[in-house]
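In order of appearance the chains are A, B, C, D, E, F, G and H, and numbering begins at 1 in each one.
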Amino acid sequence: MHDLGYARLDTDRLARTGDAEVVYGAGKTPSQVVELLRTLHETHPGHAVLATRLSPEAQEAVSAALPDAVVDSVGRTAVLGEPPALRGTVAVVSAGTSDAPVAAEAATTAGVFGAGVELITDVGVSGLHRVMGVRERLDAADCLIVVAGMEGALPSVVGGLVGVPLVAVPTSVGYGASFGGVAALLAMLNSCAPGVTVVNIDNGFGAGVFAARVARRAAPAEVKTQ
Amino acid sequence: MHDLGYARLDTDRLARTGDAEVVYGAGKTPSQVVELLRTLHETHPGHAVLATRLSPEAQEAVSAALPDAVVDSVGRTAVLGEPPALRGTVAVVSAGTSDAPVAAEAATTAGVFGAGVELITDVGVSGLHRVMGVRERLDAADCLIVVAGMEGALPSVVGGLVGVPLVAVPTSVGYGASFGGVAALLAMLNSCAPGVTVVNIDNGFGAGVFAARVARRAAPAEVKTQ
Amino acid sequence: MHDLGYARLDTDRLARTGDAEVVYGAGKTPSQVVELLRTLHETHPGHAVLATRLSPEAQEAVSAALPDAVVDSVGRTAVLGEPPALRGTVAVVSAGTSDAPVAAEAATTAGVFGAGVELITDVGVSGLHRVMGVRERLDAADCLIVVAGMEGALPSVVGGLVGVPLVAVPTSVGYGASFGGVAALLAMLNSCAPGVTVVNIDNGFGAGVFAARVARRAAPAEVKTQ
Amino acid sequence: MHDLGYARLDTDRLARTGDAEVVYGAGKTPSQVVELLRTLHETHPGHAVLATRLSPEAQEAVSAALPDAVVDSVGRTAVLGEPPALRGTVAVVSAGTSDAPVAAEAATTAGVFGAGVELITDVGVSGLHRVMGVRERLDAADCLIVVAGMEGALPSVVGGLVGVPLVAVPTSVGYGASFGGVAALLAMLNSCAPGVTVVNIDNGFGAGVFAARVARRAAPAEVKTQ
Amino acid sequence: MHDLGYARLDTDRLARTGDAEVVYGAGKTPSQVVELLRTLHETHPGHAVLATRLSPEAQEAVSAALPDAVVDSVGRTAVLGEPPALRGTVAVVSAGTSDAPVAAEAATTAGVFGAGVELITDVGVSGLHRVMGVRERLDAADCLIVVAGMEGALPSVVGGLVGVPLVAVPTSVGYGASFGGVAALLAMLNSCAPGVTVVNIDNGFGAGVFAARVARRAAPAEVKTQ
Amino acid sequence: MHDLGYARLDTDRLARTGDAEVVYGAGKTPSQVVELLRTLHETHPGHAVLATRLSPEAQEAVSAALPDAVVDSVGRTAVLGEPPALRGTVAVVSAGTSDAPVAAEAATTAGVFGAGVELITDVGVSGLHRVMGVRERLDAADCLIVVAGMEGALPSVVGGLVGVPLVAVPTSVGYGASFGGVAALLAMLNSCAPGVTVVNIDNGFGAGVFAARVARRAAPAEVKTQ
Amino acid sequence: MHDLGYARLDTDRLARTGDAEVVYGAGKTPSQVVELLRTLHETHPGHAVLATRLSPEAQEAVSAALPDAVVDSVGRTAVLGEPPALRGTVAVVSAGTSDAPVAAEAATTAGVFGAGVELITDVGVSGLHRVMGVRERLDAADCLIVVAGMEGALPSVVGGLVGVPLVAVPTSVGYGASFGGVAALLAMLNSCAPGVTVVNIDNGFGAGVFAARVARRAAPAEVKTQ
Amino acid sequence: MHDLGYARLDTDRLARTGDAEVVYGAGKTPSQVVELLRTLHETHPGHAVLATRLSPEAQEAVSAALPDAVVDSVGRTAVLGEPPALRGTVAVVSAGTSDAPVAAEAATTAGVFGAGVELITDVGVSGLHRVMGVRERLDAADCLIVVAGMEGALPSVVGGLVGVPLVAVPTSVGYGASFGGVAALLAMLNSCAPGVTVVNIDNGFGAGVFAARVARRAAPAEVKTQ
């Protein structure tokens, strides 16, 4: 355990579960984020390490202090260190434009956790031809992450088209009776398509970790980095 | 107003709104249902009158006492009197087997309120080819009633395929986090397809009244009874 | 499909459903709103196109960049292009002063989607003479949109007066146990007047689309533009 | 305090608050109800005493054991002892047929607590002429109890017609999104008519106590028993 | 009806219900509040008129433009015009320091609506000697308004001490599982003391109107202004 | 661990935490309850062992098969084995008659877990003289368990009177907006009296375990068995 | 599609997703269940087919009519046909005795969908040595299903011990503030262990389908049937 | 009672319950906090007095005006006056970094209320070795305060390890379906470990008061100040 006073890094997690600790940026100062990311990187020099939920200020601080870090302002993430050899493919599918940040967080996480990633955006159910048009790409993936807000119907449609393991991510996109993502969450938990599992509202990170673990197991051999 | 002691029939409603009063069977005894239906029929001899939410006992009592009544044990309704000249078409579309009672209540109500009715069942979103296969029939209707429980995704899919006015009916089918139909209700209220309106959970009656009114206006000329 | 990077315009929707795609302004930058509106207009030069939920900044940007656009600061909408030939009449009825923005969004939408619109404001149920005084105008409409916050009682009262199809819009007006519009939403879903359907809280847009479709079907012949 | 082992009667309440203790029948055996009612009667021989929420079995046991008791099977109450000299008038107004039990509980309670009672039933808002027709009777009362289920709109309408203090009672009548009376409760708490107060769902008893206290103060002189 | 464009004043309300229309300041600009208050005053020159929920800016604007208005920055109200002859007494009782604004709104409203007012603050149930010490003053009132946040227990305690009609006002004071006043609201609706009625969270205004009406009826003769 | 097929008894718990495992009777057959209780008794011959939430059938089966067991039909518990030497005193205080089963479960549990118990019933807040009259007994206890349904106000009143550690137990007693005990639970969580902790609705068992542990620590020396 | 009147079997699903349709027994008569299971078996003679949520009557009817079916009264399932060649291993881990039915449904489903299954019961978090003692077996699985009611903490503990993909199943076991499984569901959605996904309350079936798909991909080669 | 106009200090509380009144800083101005703290200190010169929930501005004002006060910017508290002779030990255990403010508030409160305090941070359940490593320290305490957000699992794990009285504090740490701490609150109320009690979300203060009272009773003799 690495104790920084305001936080203790679980540096043993890599040995225990096969994946390194991650910096959760919400409620941390920019300089704390920088120090945590640098420390993780020094502890696991051969791995890519990840920080999520970074404020614009934290993103700037990381870019300034750690020029090797790859910062994504849409998904609000930073990655530091060599990308792993990727195994298997996770397809991240999103319903609408506003779901982009959650989809980006999921995609970046899945990559850092060792899976190849394919991003398929804006294929919401109100225009079915769009999702029908990518059916083959969906079928070819080892695990699907399906991101949707509002009525959260996309996982049911995708889950009826292909038999690939599917993780649904409800987003807080919507207003009124969407109740900050609760409508989408409930829809996904009640999906009539068998084999749909669900994570917390806006939790692209959790879906990315899970899907990467499934994809890695499905494809022990390395795939080409994207 | 016709006062029966335990209830007052709003016999003026036909003049006021163009549609007769209806017997709501929940919480009424079989003999009350029979008396109310008979009284409505006598007041409006030239119209079909309707009773909904009938218990098995009330259905039997109506069949015994009013042999001309048409009793439907699936939709739990009874209809007494000449069917009206039908105008326009309402298509009642349902997602799963368990939604049948609500779809039947909607269909019977739309017929009694003067619209032609087409029933399209078991076209849930987990098997999209089914709803795609009936697209033309959907497009030809004057108003759609889309009935679904669980995640309530069918109205969004149908609403993206055609531009026909669409009334969504959530059902209480499901368990756990479906919360007795709340999941489907929220999904429908948050539909990303424009032009979807919603009624109460399991309220096939309300959807039927509304859709018949829309269909009648859309097709002033009479259509063949089905 | 028209791909702008941050969004894909569903330019095929007009052919599929008879109505063009709409710009949902929430969460978009002013310049994105301008570009999307201009692109939609170029794709459908013979139609009016609509943007909703515009921030004051987006409204200014649209006014500056697209001088032909009609911007409404109450309903937070912008319309660009020739108004359609209007068919049928939608009456938009609102309960209180604070419901004005939602009523305006509904009215503008119904007009862009091709219906004549009549606006009847401030006829809440705590002063019944007001709604009684407009009964004839309500009866003459092809579809009603009834907008109310707080206890959401107006649709039940209107729905008992006339037999016109009625779409109820709950608003988030109120405090405490109004729960951001939930009290009004529940009241409308439980209306004892038959034939009331409901849309999401503050969803004037959805009600406008639906009502225009009903009104257009009810009056195939053109009416005078208002 | 009178201790019966399974319950202690608050026999001091009459002195403290001016009104005697009441037997709440829910969860009590028929013989407990009989013994409690008899004991209350013996303690306060000059008053009428009340038992509420009586099961059919408890109603029969009271009728058999206490032939002087007046048992009401609709409101599920029993009253024993001389009715008080009535002061002032409470008007109990109900919206629909199914609200009858709650209205009856309120009316019986108001009478036992010393007010004259007028019952006005089945004047729901979907047929406004009914409530308009009784406006004068409403205006003449000292306190109003307005009972309604489903969307609970009646108190707002009545509260806009007259300036009499108004207690609203939501009932559990309805289904689906009425959530056992929550929809009506929320509507009443958010009434746009000023001067509306609310009691618990189905709590005709509490409304009756309150309204009788208001009416008694308003009319110190005795009125004719009804 | 007086139409100001952005609002219609219900100037007929005084004739209909005995009490004048009130300005609800939430969501209105300072100059709108000033204009509405001035108009109401001109329409009802012999009455005191009231504005509630005034922002600090609106309070300043009223003070500047209408020097005769009495502005209360705690209760966020403004009163313009001659106070009425007061009849009866309303006691406003509050549990804690933070409940002061709601208690002040209730007290000012009751006064404008014609009742004498007595304010009893900071007598929460965690120090019972405080409420016991004012028992006689409670008993002497014609109507009680009991204001409390957090667990909302004070109305039950007061309602067990005296038989005076009691209106409970839950406040949004608290955090966590107080859910913005819902905990207090539910407690008050479930009070085991008979004769407690409830208004919306933070609705001092509604309680004031109701209590004044009760007090005025209880004491037809005039009392000395406080 | 003792494996009975349908259940594994955590026989190590006594060593780990100082208290033996308990049989939770809900959802178990009468013969399973008997076997589990007998096995626990054989494993811990020197201790009293407890079974809770017993159906009437399970209570009878225990009485028949284990004549030494003490069965309480009010609290639905059974105790087998020598009562422990009691240390400290837990006072169990309840608000109303209907709270008796939960109070009994708490009292029996506290005794089995080694504390002396004092039961004080029916001292609800609507008659304050009752709780005031037992203040000294409350003050003398080492830990208080306060049981109340409906508005759950009793813990706040008791917590303001004495400084003894206080565990509040909400019960499901009530109807309508009590929501099965939620109203009381929220009230207790928001108590303005400092030092109140809360357990689950109807969880007399949990409160009894906790309070006994507190009382035992407070009074290391043995007290006389009650 | 195979149409039986009361239901249409999606016989195309095997081709589309790789897994056959399943009979959902809730709300179906015993003879419907028998006919559906037989029809599925005839359509897919080389596969095992599954029926879930069978009432005791339906279980008996299946046993009588289809002697080759394997009926499990704990998990309420029936399986007909040759078990598939199993690939990979799913470990089903449950917290308490009462979670057994959901764990059994998950285990049977995973087997029918082609994965080897290992059942690890009664390792709830209140006795940590139990779950620590099976850590190696957890680590060896290809996918974990973790079943828990009440506070739903087991998935967080397991997810921190091993890096295997983990599907959490909340159960409705509990009372009071467990709200029929909602407490466990929320806990699982908020797990601080990364890589936990969740299904609906009591949905052992959905978890079994998902986990089998993950396990089959992870182990393309066949494993020995258990 | 000490009346400061805007607040009345319950200066009698020390005599009544053994503990002095506390300043609740939320919603108070910096100068009010300073005055209240100074007044409390003057009233109870021999005790430490406490203020909680201080804004940064109030913290600065206290530091400036009362140089003897100990201000903690993490727990947002200020303490003025001689620390009491400490008796017994409270161990404050927290799950994650973000729970630090609530843990600090609990620790400071327990100290001011007279218990020795031991702080054990960042031992969340996703890395069990951490909590296992402090088992002896947990066992040695007289009362435990266990602070956790998100899924709130830590109290169940700790409660299964030791038999010490345990107060659980849910925090509002989390997002989406954590609903501001509700998920953790429900988990703790449903803990399967016996003897867990719960306080309001983020209520470190209440837990500190309670735990100190338990610890003081457990250890009548003085311990060394920390």
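Just so it is clear, contacts are C-beta pairs under 8 Å (C-beta built on N, C-alpha and C of every residue); 3 or more make two chains touch, one makes a residue touch a chain.
The chain lineup, named per UniProt: A, B, C, D, E, F, G, H = Nickel pincer cofactor biosynthesis protein LarB.
Please read all numbers here as calculations on a predicted model, not as lab measurements.
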Looking at CA centres, what chain is most distant from subunit H? B
Which pair wins on C-beta contacts, D-E or F-G? D-E
Subunit A and subunit E, separation of their C-alpha mean positions in angstrom: 52
State, to the nearest whole Å, the distance from the C-alpha centre of subunit A to the C-alpha centre of subunit G. 26
Intercentroid distance (Cα basis), subunit B paired with subunit A, Å: 44
Hey, how far is the Cα centre of subunit E from the one of subunit G, in Å? 58
Residue numbers of subunit C (touch at least two other chains): 16, 126-127, 160-161, 176-178, 182, 185, 189-190, 200
Pull out all the chain pairs that touch, please. A-B, A-C, A-G, A-H, B-C, B-D, B-G, C-D, C-E, D-E, D-F, E-F, E-H, F-G, F-H, G-H
Considering only the defined contacts, which subunit G positions touch subunit H in the complex? 95-96, 124-128, 132, 150-153, 156-157, 159-161, 174, 176-179, 182-184, 186-193
For subunit B, which residues count as touching subunit G in their complex? 97-98, 100, 121-122, 126-127, 129-130, 175-178
Can you list the subunit F residues touching subunit H in their complex? 16-19, 22, 142-143, 160-167, 185, 189-190, 194-200, 205-207, 209-210, 213-214, 217-218
Contacts from subunit C onto subunit A in the complex sit at residues 1, 6-8, 10, 12-13, 16, 26-27, 170, 172, 180-182, 185, 200-203
